[in-house]
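Chain lettering (A, B, C, D, E and F) follows the sequence in which the chains are written, and residue indices restart at 1 in each chain.
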Amino acid sequence: MKIVMAVIKPFKLDEVREALTSLGIEGLTVTEVKGYGRQKGHTEIYRGAEYAVAFLPKLKIEVAVSSAMADKAVEAIAAAAKTGQIGDGKIFVFSIEHVVRSRTGETNADAL
Amino acid sequence: MKIVMAVIKPFKLDEVREALTSLGIEGLTVTEVKGYGRQKGHTEIYRGAEYAVAFLPKLKIEVAVSSAMADKAVEAIAAAAKTGQIGDGKIFVFSIEHVVRSRTGETNADAL
Amino acid sequence: MKIVMAVIKPFKLDEVREALTSLGIEGLTVTEVKGYGRQKGHTEIYRGAEYAVAFLPKLKIEVAVSSAMADKAVEAIAAAAKTGQIGDGKIFVFSIEHVVRSRTGETNADAL
Amino acid sequence: MLTRINKTLVAGGAMSLASAAIAFAQDTVPAAAPATTMDKGDTGFMMIATVLVLFMILPGLALFYGGLVRAKNMLSVLMQVTMITAVVMVIWVVYGYSFSFGGSTSPWWGGTAKLFLAGVTPASEAATFTVGVVIPEYVFIAFQMTFACITPALIVGAFVERIKFSAVIAFVVLWVTFAYFPIAHMVWDANGYLFGLGAIDFAGGTVVHINAGIAALVASYMVGKREGYGRDIMAPHSMTFTMVGASMLWVGWFGFNAGSNLEANAGAALAMINTFTATAGAIIAWALLESVLRGKASMLGAASGLVAGLVAVTPAAGTIGPIGAIVLGAIASVVCYFFVSVVKNSLKYDDSLDVFGIHGVGGIIGALGTAVFSAASLGGVKGDDYSIMAQMMIQIQAVVITIVWCAVVSIVAFLIVKAIFGLRVSKEAEATGLDLVSHGEAAYHN
Amino acid sequence: MLTRINKTLVAGGAMSLASAAIAFAQDTVPAAAPATTMDKGDTGFMMIATVLVLFMILPGLALFYGGLVRAKNMLSVLMQVTMITAVVMVIWVVYGYSFSFGGSTSPWWGGTAKLFLAGVTPASEAATFTVGVVIPEYVFIAFQMTFACITPALIVGAFVERIKFSAVIAFVVLWVTFAYFPIAHMVWDANGYLFGLGAIDFAGGTVVHINAGIAALVASYMVGKREGYGRDIMAPHSMTFTMVGASMLWVGWFGFNAGSNLEANAGAALAMINTFTATAGAIIAWALLESVLRGKASMLGAASGLVAGLVAVTPAAGTIGPIGAIVLGAIASVVCYFFVSVVKNSLKYDDSLDVFGIHGVGGIIGALGTAVFSAASLGGVKGDDYSIMAQMMIQIQAVVITIVWCAVVSIVAFLIVKAIFGLRVSKEAEATGLDLVSHGEAAYHN
Amino acid sequence: MLTRINKTLVAGGAMSLASAAIAFAQDTVPAAAPATTMDKGDTGFMMIATVLVLFMILPGLALFYGGLVRAKNMLSVLMQVTMITAVVMVIWVVYGYSFSFGGSTSPWWGGTAKLFLAGVTPASEAATFTVGVVIPEYVFIAFQMTFACITPALIVGAFVERIKFSAVIAFVVLWVTFAYFPIAHMVWDANGYLFGLGAIDFAGGTVVHINAGIAALVASYMVGKREGYGRDIMAPHSMTFTMVGASMLWVGWFGFNAGSNLEANAGAALAMINTFTATAGAIIAWALLESVLRGKASMLGAASGLVAGLVAVTPAAGTIGPIGAIVLGAIASVVCYFFVSVVKNSLKYDDSLDVFGIHGVGGIIGALGTAVFSAASLGGVKGDDYSIMAQMMIQIQAVVITIVWCAVVSIVAFLIVKAIFGLRVSKEAEATGLDLVSHGEAAYHN
């Protein structure tokens, strides 16, 4: 099994979720994060004090999928998250060894 | 070494932490997240606008443990996080290659 | 490729970011987290109610790097995050199999 | 006292006699002025009433509206309300007061005699509804100024989260000049056209609420929907602030309604108790309706009912009774409820914070309800020779004229502003939020 | 002026003469009424005082309480306070005013003569403490109405975060009917039982604070503890809102205390300065105590002291001196401090926001302290024939009667409500939070 | 009326005659007192004005400042403002009132005759600016008390986020004793030195704003910069609260400025309308400047302009005209803007919330602008024998004396406090935030 972890622009959440559910993926976990990258931040001025805010609000999505699904999930996310503008974000994939559903104790594929 | 990453219901945090400390695990990191899954969300209505809120507040716990401890940690979390109701969450385990404690430079097992 | 995931003290963010950019690392993702560990929390009192707050505010940094860079990144973070006081945090390294940049579809090294 | 109140009713508008008498006093004071009395009780009360109306706007209305938008647009709302207030204050002393109450005999505007408050000194007096009783004209100017400020600020709710800041200011300047000042003159000046008809508008149902409501309806069509409207979650970022703002509106509204009596007497007390009970009735009605139809009474529902009740009682406060006020408030809530939750959804325009649905619709209910509940048989103070139907016809005329005048001015004003400044920020700017894009700030940090 | 004040003292309660005189005026106005004077200074002042008491409730008390609960229950608190206010307002004009001040000669209630405010017109007058000086009865009704609204709203603090919304409303309807209105009559009406005893309760220490405090104590036992009480962290979600609410309570309390004088004169000024200094003394005492005992003075401590001081000075404001007020406030703080931080913990009931610990206990300190600090020797205005011990006995009687009456009504009311609606939401609902479960909303979004 | 106002102008300070007359009344009331009139309209108005000034401090100023700091220091700001208010209230009735207005003939202080408000009863009267017109002395004491409370609270903005709580309180006690009370006496008492010079300070430009501004400048040097100043992001944690606080300051400022007239008449009305228009002018000026220089008008800019305008109009409100007020407010905004965004950055001190940059600089602009805009030729009420230049010289003297006196007292007070308590918390404590470290609480939880 894999976890597909994607950083996306916040307003793309619903599109990404729909793309995933249309693949039959039924769960995901979202975290509010701040991203630093090529997309430049903004400047805020408070009276005399000027602050360069380098970190932009992003969402991080983590979705556990079977190894077979991983590529499709990546593609779906990439397509849904894309605006073509800098800062669309990145998708990372890594292996997980074990999954458990707390409610039932089911493991691995059954737990997804 | 492993990282055990669990999504739990927010009010279960203290029980989960106690379960882990009783195994001798002395550190963990918690993140507020929003979860989407089988547990259905709720609807909020603001005057004429009805919003289906699909994402529910959850906590994500990350705890790095020696490979030997991983299974026990998973069990402990699963037991503590369980209410038997849908939405109790999932536990994911993956390998980490390297751990460093910033304060001392200790690595791996010493750093946990 | 690797993800270097570090828990640091919040006010160290700018130093850590500078340490990483001086290595040529151009992106990272930051999450506000609560940490539990050896560093002891504090007590808050609200009239008669006394609460021991065990969780301390920390930041979690995730940075994807080429495998070659991983060690340097770890060192840089450890050095920048260090105050020498308990609670400086930990750095975890794990492998990722695949990286995609949503905007361009570039993969792996090109996507970083 | 009943005499005095009856007279107000005959006069049919809160400040009507006032302005006439100001002109009179102005003209004649140097020569043989009729003896006037000024009571410090009135002067003090009216100054506090004026402060209360400012409180309705800042922070009241700003918070009420601000809480309802997304966090990324919070400061833009606060800033729009603040700047409108400041700009209209300056306009008011420069030409607004003159255009409204400058003493001209035209039924449509007040003329230019008091540009820059020409001729007003601390010794100038403004009449009240009691013959011979006056207050300092500066007090009347300041009190009326706050009305001129809050009215355009109410419109903001229609176009939040997407409008250009420059467009807001330009629109407001045009709108107060060609809609607010003339209509204030028509309704409240003794020479005004609607005043002459005998319309009852104690504290500004037409001038303030219908006026702002219609402008808001026009705005929501001219400016267009927010990006993602109907798709994205646009839940209020802080219902707490909205509730605090609504509470402040209620508190300040006593300045608005009781102050419109211009004297600290039983007439003001009647307006005050009606402003309590109508609002209470409206809150309960909205909450009950939600309980029945949705199973849950919401805080936003209660706050919406609260405002609907206040709007509805505004024209009526001086002439109805406290039990009638409960009913009037409840009716306004019910109608506004169906408007914002059914009618608006089916018409699919984005009057984002329901300015039309609450101020426009509630204002119309209030204007018509005033004709009904002012009758003595329904607890009002209108005596034997009062005909509900006759008054109703007058009220309808006043409402229709206000609607038409305001709609025309609003459409033209938006067309002009669109041509010169454009109305909306870019889609990207809208996604980022107006706070950063238009004001270079964020409302919240750690 | 001293004469007038002395008379107040003899009268021994803030509105006692008032209500008597209303009845009188009502009876006689048609015939040969004694000459009365109405001063616009009084009328204006009392209207603003009324507005200030509304401000205490909305948004004052709502924010003070709301800030202290967890974010997931914020709107439920705001909503409970709002709905209680609206419901009691309607009840007040329907039968509450009559039950309290309807003019009956019963020592226990005011009768039914003024149901639906029957007979009240803008010409109706209410007496003040100065013979012959009157204010419009509508002002008196509105002012007293705000007292009837805030008292049950205070009780909310005892059962937040777990109670059913329907239960709150049902309880409040029963409670104001059988506890508040009778006790208001007993204390403030010239025919009232406690009034007859000679109890001093200038602005409502027994009627408002002890009354609400006892109901809260009963509530905390009847409703039971919150899930996780003593285990989970239930820290205030926004001490900022709590501090803002406390500040607004202070600001509004001048309407409450100075307004209870019914005239804008030196008696009101005395009540005002005492309301400043007692509160200051109480803030300092609580902060000092925390500094000594815990090493740190907290904002919640200062806010708690602030409210304790206001509660304590409420019955005393008209008869003590400003230096005595400092001491009274400080004593109240010290006693309340030990109550909420020691006694409550050892008794293990969950009066969640310390309504009993502050309003109940502070109210008792105030009632008894009034007997002490009213003495001229301690800076009060009570002259030669005043006996602290004699007055103390009377005050104790008033306190005990209020406690017993209120406790009985509260218990019965909760039993009835429990039988019909149930008192608590389910455990799951409590975990989710009342905002979503009972109101379908969330207080905060992005 | 003009006569009365002219007299005020001749008197040259808001409360000058008042205090003189109090002493007089005190002395003579027992014997053959000159006939005085007390109008309930004045008494009621002044009580509400007093409440409005409290509202400026709590929650107004507390929120204005609190919103500007980081969340971890929010409660420390609220707590400092609250405790300063409480402590100065107690000091005021113990010795502050006596030191300021105790009736001594010294030009430097009021003496000890009224320690513990000795001799003040409800029957005591305080004079106003109209001969023979009085208000209850308790009202005057309470009104002036709020001025004594807000002034040191203003200084807080200079040393937030790093100062020890004990140091704040100790400094304030010394500072009000040796800076505020003497300067209030000098400016507002008939025997006061600056009063004797003929300085115009209607509502406290020197006593309140320049005084606080200079103390703040001293504080920022004595306490030193915050850790990370100029490097870390120290953005306001809630611009919403800051805007709400600024709005409340505006609302409350009418109590401050119109109340300084002591009577509810046209003089107060003039002060009121000027307090509207000067502020509006200042808001617009700051926003325009930002639009031109940065391309964006910020909410913090508008709020800063708002306060700058209020500060500038404070000494001038009773003697200038509403159009002149617009110009005065705009000038103050422009100067303060350059001060806080250019001068301060180049001088590199950390007056964290710009107390000097806005209150000090704005106060000086106001003091000097008063001399200019009071001239009849510029819309003011000063007639034929008025010389702008002559008055300007007097104003400059008043400003310089205030600056020097205040600077010396502030430096010495900080040195003493530093020696005894130390001024700053540790670096670690500063990193953690004062809320947890000094008060054991956090402002926000879930």
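Everything below uses one rule, namely that contacts are C-beta pairs under 8 Å (C-beta built on N, C-alpha and C of every residue); 3 or more make two chains touch, one makes a residue touch a chain.
Every value quoted in this text rests on a predicted model; they were computed, and no experiment measured them.
Undergrad: What chains touch subunit A and also subunit D?
TA: Touches both subunit A and subunit D: B, F.
Undergrad: Return the chain pair with more inter-chain C-beta contacts, choosing between C-F and C-E.
TA: Here the pair linked by more C-beta pairs in contact is C-E.
Undergrad: So, what's the distance in Å between the C-alpha centres of subunit E and subunit D?
TA: 33
Undergrad: Please compute the C-alpha centroid of subunit B, do the same for subunit C, then give the distance between them in whole Å.
TA: So the centre of subunit B lies 17 Å away from the centre of subunit C.
Undergrad: What is the distance in Å between the mean C-alpha positions of subunit A and subunit F?
TA: 53
Undergrad: Provide the list of subunit A residues touching at least two other chains, using ranges where the numbers run on.
TA: Residues 31-32, 44-46, 94-95 of subunit A touch two or more partner chains.
Undergrad: Residues of subunit E that touch two or more other chains: which are they?
TA: In subunit E, 39-42, 44-45, 48, 233, 235-236, 238, 294, 298, 300, 440-442 touch at least two other chains.
Undergrad: Using the definition of touching given at the top, classify the network of chains in this structure as line, ring, star, complete or other.
TA: Contact map by chain: other.
Undergrad: Strictly by the criterion at the top, what is the full list of touching chain pairs?
TA: According to the stated criterion, the contacting chain pairs are A-B, A-C, A-D, A-F, B-C, B-D, B-E, C-E, C-F, D-E, D-F, E-F.
Undergrad: Could you please specify the touching residues of subunit C with respect to subunit A in the complex?
TA: Those in contact with subunit A are residues 3, 17, 26-32, 64, 94-103, 105, 111-112.
Undergrad: Give the list of subunit D residues in touch with subunit E in this complex.
TA: 1-2, 5, 39-42, 44-45, 48, 52, 70-72, 233, 235-240, 243-244, 247-248, 250-251, 254-255, 258, 263-270, 272-273, 276-277, 279-281, 283-284, 287, 294, 296-300, 302-303, 306, 321-323, 326, 381
Undergrad: What residues on subunit C touch subunit F, complex-wise?
TA: 11, 14, 42-46
Undergrad: What part of subunit C is in contact with subunit E in the complex they form?
TA: Those in contact with subunit E are residues 44-49, 51, 53.
Undergrad: Show which residues of subunit E lie in contact with subunit C when the two form their complex.
TA: So the residues of subunit E touching subunit C come out as 68, 233-236, 294, 298, 300-301, 304, 340-342, 344-345, 354, 357.
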